[in-house]
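Multiple structures follow.
Same chain, two partners: chain A is paired with chain B first, then with chain C.
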Partner chain A sequence: MDVLIAGFGVVGQGITEAIRDKQELFVKRFGERVRIVGAFDARSLALDPSGLDPDELLQRKQSTSRVGKGEAPDDVEKLLQETAYDLLLEVTPTNIVDGGLGYKHIRTALAAGRHVATSNKGPLALRFRELTELAARNRVHLRYEASVGGAMPVINLSRELLMGEDIISLRGILNGTCNFILHRMKEEGLSFDFALREAQELGYAETDPTYDIDGVDSACKLAILANAIFDRDVTYSDVVRTGIRGITEEAITLAAEQKKVIRLIGEVSRDKLEVAPRLVPAGHPLSIGGTLNIAQMLTDLAGDITVVGRGAGRKETASALLSDLLAILKDEEARREAKCRSMT
Partner chain B sequence: MKVNVDLSLMDVPGQLVGALEPISANDGNIIGVVHHHDAMVGGRIAVNVTFEVRTDKSLERIMEVWEGSNVIVVKMDAVYESYPLQYLLVGDISSREIEALTHGMESMEGVASLDIRITGSLTSGSRAAMVTGRVTRKGSLETVEQFFRQHAENGGYMLIRGLE
Partner chain C sequence: MDVLIAGFGVVGQGITEAIRDKQELFVKRFGERVRIVGAFDARSLALDPSGLDPDELLQRKQSTSRVGKGEAPDDVEKLLQETAYDLLLEVTPTNIVDGGLGYKHIRTALAAGRHVATSNKGPLALRFRELTELAARNRVHLRYEASVGGAMPVINLSRELLMGEDIISLRGILNGTCNFILHRMKEEGLSFDFALREAQELGYAETDPTYDIDGVDSACKLAILANAIFDRDVTYSDVVRTGIRGITEEAITLAAEQKKVIRLIGEVSRDKLEVAPRLVPAGHPLSIGGTLNIAQMLTDLAGDITVVGRGAGRKETASALLSDLLAILKDEEARREAKCRSMT
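Let's turn to the complex of A and B:
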């Protein structure tokens, strides 16, 4: 399988390492190698139909901040249409205003009959239905496990292993930064501003933390889950959203007196779609601390199913992208076998 | 309706069965029986019974049977199931607003108990108020939530709900 990588930041480099390190698995399980035939970032392009050396890409990025020797493509759409590859790994930064470049990349690749696996929340939180329908029309995969919860396999778990269940509701902590801040406020008696500054110093929060603390990131993920698991047709702006900005030490203390902690909880069902701080009983699975993500699904047969994982990070997001890549390889293998059977 | 009743029975064989039979015979569902052997007064023992009946009529019929069979009803309470409510309000919440919330909740049908605990912030000037209580009907929870949501929206403060 030949892959093209759009975006070569932390996630792009992480998936490149994973592809490099998992060649033995690809060959052993599917009898083929996975080659990176192209990669581009905002400033450069690397392209080789016979396969690029992952280490060379990673070293060049580290030493020059560019993935390729060549200039960034003038016409990315043409590149995505005309280059020979099977799977686009779309890992450019999220744009929540209009989906940004990620949306254009995904749309172009799908329309050109290429599979797509992405960690980019923007296009999915804004144009989920359009993109999944485009993928279906072109008989290709659009997979997005890495867009929600990093290494926490909530989408593939619910859509594949829990296929027979009626999932009644899902509640979860979908943003590790907010969880870290709320956890530190409770455990150390810190003010919101102090805990936020600590999160920024440790690299958990951006310099402009709005996206995390106002619940935008969680709302994007919740919209994706609503569409993917509950078959709803919603966008990020349909999510009723309250962030954690106004939470005070006094609020944390009052909650603690009642043996409760405050957590930013995303909740989705057929008639609910909300991100808001909630009072969670201490010891409840959703009272989890640190930067972990957690999702708890209520199902008709199995009852509560809870999945926990690291919500972000280079390796964690690469793990989710890799699971999508393997699922596509598996499906391609099944298609080939079916074709062989029909010919004999 | 759930009923909790203290009965006084003759301490002779068959009395307890005789006291419980009318409950089942009138579509009642016995939930618990506590037999107080140590509390014997004048040859009678105390038994506490909790049961569910669908209608007042059923309860009346049970009472009639007890009356005619030497079963003395010492005390009877209707026990209603109740549901917890919990809200934490954070922000610029005036005393007048707290008063309005209290009055609004007290006048609301189905609110069985209410407690509001308030703290003030030394650093930000904002307040936090923890509202806890119980309602007697599950449907009341939605009404209460709407009430708080509306007040929080109008008052411009944050509403943090309990996780049901």
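Let's turn to the complex of A and C:
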């Protein structure tokens, strides 16, 4: 399988490392290597139909801030249409205004009959139906486990392993930064501002923390889950949204007196779509601390199924992209096997 | 798809209900119905190549304790070889001495080229390699999500969604009865004997609780996980095993003073295979209370992935069997689709 990588930031570098390190698995399990035949970032392009050296890409990026020796492509659309590759790994920075470049890349690759796996929330939180329908029409995969909850496999779990369940609702903690802040406020009696500064110093929160603490990031992920799991047709602006800016030390203390904690919970069902701070009883799975992500699904047969994982990080997000890449390899293998058998 | 059900106790009845209730899903997703063409218990047999009525089977079982009007088959081996069906649902009572009838049923069906999905721990905890190799040789599926942790999808999660991960270790609570007892001892200051009696009165523990409280049930499940996820070749007697009989109120109190709880933890890695009571920090995912099951896997890329679900119950175990049935349908569909396309 030949892959093209769009974007070479933390996630692009992480998946490059994973592809480098998992060749033995690809060969052992599927009898083929996975080659990186192209990679580009905002300023450069690397292309080689016979396969690029992952270490060379990683080293060049680190020393020159460019993934390729060549100039950035003038016409990315043409590049995505005319280069030979099987799978686009779309890992450019997200844009939640109109989906940005990520949207264009994904659309072009799908229309050109290429599979896509992405960590890019924007296009999926804004134009989910359009993109999934385009993939279906072209009989290719569009997979996006990495767009929600990092290494937490909530999408593939609910869509594949829980395929037989009627999933009635999902509640989850989808932003590790908010959870870290709320956890520290409670444990150490910190003010919101102090806990936020701590999160910024530790690298969990951006200098402009709006995207996290106002619940925008959680709302994007919740919209994707609503579309993917509940077959809804929503964008992130449909999410009723309250962030955690207004949470005071007093509110945390009052909750503690009732043996409860405050958590920023996203909830989706057929008729609900909301991100808001909620009181959660201590000891409940959703009372989890730290920067973890968690999702709890209520289903008709299995009851509650809960999954917990690391919500962000270079290796963790790469792990989710890798699981999508492997699912595509597995599906291709099943089709190939059947084809061989029908011809003999 | 035509299924044959071996065993018609709680689990057999649960999967019959699930098959009855999910026909719309089968048709919508795979374009075909799932028919029950046969079912037998220790005393009777029902057979109809054109499909049995699930409600009739359930009602007959409830009113007469027999699933079929016919006598139990004299020669089950011949029945499993000569009846036309695609999938055996093996849900007879487990036998952990030699695998018992379940082992014979599974072996016969696989050798006859039929898929098998089972909730039966004994055969898998004793003869895992033999059975999985037999399935591979005959190019059929042997699936057993329901044999470990009820509705908790730990096997399919780790084998399928985490296919790309190196799973370094797994720790879990695999027996809800023990967890209920330990939880109640801590919360209410009960003695072990008192909490056990409570569990028995609530129907969580058997009259002879040995199988649960001495860790035999957990050890069987851990052996299956060792074979399925860590590619080991062990039986349940290879598990180093300590139960919870010796846990005193004093031990629980002492743990609480250190903000810890005692849990019966199964742990498996390449060189470890042990069920034993362990101290777990309060707030850690493995400190979970009640009758839930939980498994936490440490992986190379994703870090810790944790899954929680109901460990037992009619609907819950049926849910796991249903997920295996659907995975088989999905695989058959991929093979069929490719075949069609290669012919056009």
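The criterion applied here is as follows: the second predicted complex is superposed on the first by the 342 of 344 C-alpha atoms of A that agree within 3 Å, B and C clash if a C-alpha of one lies under 4 Å from a C-alpha of the other, contacts with A are read in each partner's own complex, and residues count from 1 in each chain.
The definition used in the following text is that a contact is a pair of C-beta atoms (placed from the backbone, for glycine too) under 8 Å apart; a residue touches a chain by one contact, two chains touch by 3 or more.
What you see is a predicted model; the values in this text were computed from it and never measured.
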item: Which superposed partner A:265 touches (first chain B, second chain C, both, neither); value: first
item: Which superposed partner A:255 touches (first chain B, second chain C, both, neither); value: first
item: Contacts of A:203 with chain B and chain C, given as first, second, both or neither; value: neither
item: More chain A residues in contact - chain B or chain C; value: C
item: Contacts of A:31 with chain B and chain C, given as first, second, both or neither; value: neither
item: Contacts of A:281 with chain B and chain C, given as first, second, both or neither; value: first
item: Which superposed partner A:247 touches (first chain B, second chain C, both, neither); value: first
item: Which of chain B and chain C A:334 touches, first, second, both or neither; value: second
item: Chain A contact footprint on chain B (complex, rising order); value: 86, 88, 90-91, 117, 119-121, 123-124, 126-130, 132, 157-163
item: List of chain A residues in touch with chain B within their complex; value: 171, 191, 242, 246-251, 253-255, 257-258, 260, 262, 265, 276-281, 284, 286
item: Partner chain A, residues of chain C touching it in the complex; value: 18, 22, 25, 29, 151-153, 156-157, 160-165, 283, 285, 288-289, 299-310, 313, 315-316, 318-320, 322-323, 325-326, 330-331, 334-339, 341-343
